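So, here come the structures, one by one.
Each of the next two complexes has chain A plus one more chain, namely chain B in the first and chain C in the second.
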Partner chain A sequence: MAAKSIISRPVYGTLSPQAGKHHLFVADAEGALAIIGMAKNAPAGFFDGAEIVFIPGPDGKHVGSLEALKPAQFHLAPSFASLLPRLKQTLTNAHMGLRLYLSGTEGLIGQAMQVALEAGIDHTSMQTEHRGSLARRMQCVHCKGITENVTTQPATCAHCGLLLLVRDHYSRRLAAFQGVCINAEDRSEIPPMEEIFR
Partner chain B sequence: MSTGTTKLDVVVSDVVPVNDLVTRFHFRRRDRELLPTFSGGAHVVVEMRDGERTRLNPYSLMGSPLDTREYTISVRRDDVGRGGSLFMHRSVKPGLEMVISYPVNLFSLDLRARKHLMLAGGIGITPFMAQTSQLAGSGGNFELHYTSRTASLGTYADLLQQRYDRRVRLYHDDLDERIELDRLLSSQPLGTHLYVCGPAGMINWVRDRAAALGWPAETVHFEHFAAPQPGAPFDVTLAVTGKTIRVGSQQSLLEAIEAAGVDPPYLCRGGVCGQCETNVVSHDGKFIHNDHWLSEEDHRSACKIMPCVSRFEGKSLVLER
Partner chain C sequence: MGITFRKETFRDDFTFRNSPEHIRRFPFPFHEDSYMYAVNIEPHVVGPKGSVLENLIDVDEHYVAEMQDRALVLAEDPLRCQSLPHMTLAGWDLLELLMEQQALGYPEHFTLTRDGDRWRWINRPLGIDDTFTFGDTSTLPYGPMEYITRQSQGDFCILDQRDGNLWMDAGMVTTQADWSLDFDIGMNFFEWHAPVPLAHEKGIFIRALKFLTNIQQGKPARRLNWTMTINPRLDTSPENYHKWGPDRTTVTPENVGDKVHLRVELQSFWRLPRSNGIVFPIRCYLIKMDELVTQPKWARRLHRVIRDLPEELATYKGLTRYRPTLVEWLLKLDDGSPTSPGFGPDSVF
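Now for the complex of A and B:
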């Protein structure tokens, strides 16, 4: 569970059924468990107006349990990049009354939220629940390159190779945490690297 | 000096009857300078000096925010109200020097919206006059649905249709024309924000349907200035200043507190902004809450009152003022 630190660090809630005409779920890996947990509190017929887009984890679990909820539409995607065109299309054609539910890793929640913000949904109007890995999407503030699945502090930029302090400072626009050079004064100073975002 | 109530010395530059019930008033600064900038949805509090009595009523600015040479308000005559609108209609003539507050906006557009859907009822059209001017000036996407009792009481309906053509849709109660609200709300593109201003019943109806149809609360904006209602006189003890005052039947509690020389903060004087929220020290009687600010929980627990619009009936009331 992500702890609150500075104001820009996202805090996630628990999915709960909202009033609405259509319900769009985007989830990865253990994010499926958040949907299954929420389904227990959902009114009868809730999933008749629901679409679930799911990226299974490496273990391929939870597909059957999600299908058993009998959503009106169910789509499996191998990666976020592969579901992006579909998500954009759905949001472009959507009307007010569509509610968005995001669950799973921070990277998935952040990137889906980024697309939804561009479609005009306020971030406070989305339901989110963090499940699974705490690995971070990080933007190097120096070269602007994005490094996915950062688990260590500090972390090496996959683009320019600088050693970066992974900050809690988060950008919803970029869906990434900021990484700032940790040894700009003296590059020979190499602090120990710890695996802390598991 | 109360919070945010810096004053402007103005002169009435024009008075224009619009229809049987509504008159428009134009104000310019006495020093001929430009007035402060404002955004669509803002209101000013107009001080009405009527003999011994001073009334302070909020009115939405209805002119274009792009033109600050003058401010304009439209006042609907209320023959059974506390007399503010009657004073405006009968006693305010061109050339009269008046004092108004700086503009305050409690009903502003959310400019992140992809589209603005506006619902007006009756004199609730006034903030939309300014908002549509603001949006039209910047190519904003809006649609206005305007309900009035009859065509002749559809204040500015002709002007709005002339300006914005099919972006304005009119409904007349006497012809039994009704907004198909559910259909309207369900056919709006994602990213639309909803704005409603009109009678309390209309606002409640629209808010309820929007919530039921899945509009997030942050996308639904409303404004309803509750006029202070007359009622039986009552006595109040102000614990901090040690004064005991009587609230007259035609006076609001806030006005009575001010008349006693105590100067609580205020902005809207219509139960909306929350500035004059006052703690109740003790009471023996019944509150008549008329505000849109306090929660139902606050109303039930009788721990707070909004003196601008709410009253009290009973033996004793002690406030933290």
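Now for the complex of A and C:
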């Protein structure tokens, strides 16, 4: 299997206001800046029908600026895991015309998209904008465990401990890149670990 | 006269072998002395008697042993067989296709009798005699796709067709050349092919998809693909790469003939009648170098193909480590004389 390839790798865009009455924003950390940037082009009253769900980064920034947009609903969550039950509920009960906007880290976009796909929302009807860290969510193809926030190449699986090549091959269903043992053929070969997904 | 099924293994002691008749019918994949990806698709029509194309769904002497190996893989890793919820109807389509084809080609081994929705399926090699209601999953011990593909050689992907694309929404994949159904399930044609080198740039996948989405019922198509495997191991999955990967370091000039296998996939494409899906059987044939070089033309040609294979393909197929040893071994069997056109050995078909 080749290390480099990009067709399954997600392509992100820039958030832009869509027609419609119901808008759901899910963002983490610097993803807030994508919403704030988009708000400049939004028609008057746009946020009257909007819900923003935000997971602040460790620095806690951007909460005030998002609140200032005066969305109909504003919800803060400490982590994606804690947000999951609420997000599932919202998406399952969503109006047909709901517009979804995802911004921030790849991990956040991927996981929110995964929940939305499961709720029957087509991935082409979602807007995404990547902001902030390039850290990857990786599935170990061997033990199937997910390792969050992978920044190195290769990376150690947090579950089985194998040293994995982090491929560009990406699954929307799993919201993860694929990790494959990098020294499967000869375990004595240990390539240096470099920080490349910052 | 029926097939004599071999007792053999594809793991541990690796007792898999081909009989002389099976060596001669091996689907050698090179029609010329070099290889590059192409849109190599042709109608899947019946071929010469005694060839792997004698029947459109081929059953051979390895059938029983392959089904036993599949059962072992599934017991270890049930994720090798998955079907998204909307794919059950396509599973019934596949069950019908495989039962019909196997019963048609091998009446001494398989019998299908239908009385309306009441079907009786007899599979003598595996000792199965089941009566069930077509369309009613509760009357089978597994879902329809799993039930029939536990009794059919080769891997199977079922593709849902929508938005002008094909989506890998179900499959039974236990004998794969290093790709993961669990990872790829739900992807479209371009996404699951993402790791393949050079072919995207050549526009191969765009043309191939156009062809596949237009396949008509009753007019299946086929192509050959190939790679190499050390030891006759069917389960060369990425899931188990850390277990079989070390085999690639064990090739020496002394054991090439026994260890290195050409692995050929006879892939076919069939439109399914009720679901409008497409099923993609990937029938895997293995042959060790010692067996392959009993046909001098194949030995000469394989030498030239492997020697000149573009680096990207060699890397993708995982040949890098042992290619020099293999090429040196094959060189001794290549006197430089020309090879005749076509796939077959010099003598038959």
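In this text, the second predicted complex is superposed on the first by the 193 of 198 C-alpha atoms of A that agree within 3 Å, B and C clash if a C-alpha of one lies under 4 Å from a C-alpha of the other, contacts with A are read in each partner's own complex, and residues count from 1 in each chain.
Definition applied: a residue touches a chain if its C-beta (ideal position, glycine included) is under 8 Å from a C-beta of that chain, and two chains touch if they have at least 3 such contacts.
What you see is a predicted model, and the numbers here were worked out from it, not measured in a lab.
Colleague: When the two structures are laid over each other on chain A, do chain B and chain C clash or fit?
Modeller: fit
Colleague: Would you check which partner chain A:158 touches, where first means chain B only, second means chain C only, and both and neither mean what they say?
Modeller: Neither partner.
Colleague: For A:120, is the partner it touches chain B (first), chain C (second), both, or none of the two (neither)?
Modeller: first
Colleague: For A:141, is the partner it touches chain B (first), chain C (second), both, or none of the two (neither)?
Modeller: A:141: touches chain C, not chain B.
Colleague: Can A:36 be said to touch chain B (first), chain C (second), both, or neither?
Modeller: neither
Colleague: First (chain B), second (chain C), both or neither: which does A:99 touch?
Modeller: Only chain B; A:99 stays clear of chain C.
Colleague: Could you tell me if A:167 is touching chain B, chain C, both of them or neither one (first, second, both, neither)?
Modeller: The second partner, chain C, only.
Colleague: Which chain, chain B or chain C, ends up touching more residues of chain A in the combined arrangement?
Modeller: Between chain B and chain C, the winner on chain A residue contacts is C.
Colleague: So after the superposition, what angle do chain B and chain C open up at chain A's Cα centre, nearest 10 degrees?
Modeller: The angle comes out at 60 degrees.
Colleague: Compute the least Cα distance separating chain B from chain C in the superposition and give it as a whole number of Å.
Modeller: So the smallest C-alpha gap separating chain B from chain C comes to 5 Å.
Colleague: In the superposed view, which residues of chain A touch chain B and also chain C?
Modeller: Of chain A, no residue contacts chain B in one complex and chain C in the other.
Colleague: Taking the touch rule as given, give the residues of chain B at its contact with chain A in the complex, in rising order.
Modeller: By the definition above, chain B touches chain A via 112-114, 185-192, 211-216, 218-219.
Colleague: Which residues of chain C touch chain A in their complex?
Modeller: Listed in rising order, the residues are 79, 178-180, 182-187, 190-197, 200, 238-242, 245-246, 248-249, 312, 315-316, 318, 321.
Colleague: Quick check on the complex: what are the chain A residues that touch chain C?
Modeller: 1-2, 5-9, 139, 141-142, 144, 162, 167-169, 171-174, 178, 180-181, 184-187
Colleague: Can you check the complex and tell me which residues of chain A touch chain B?
Modeller: Contact set of chain A toward chain B: 18-22, 91, 94-99, 119-122, 124-125.
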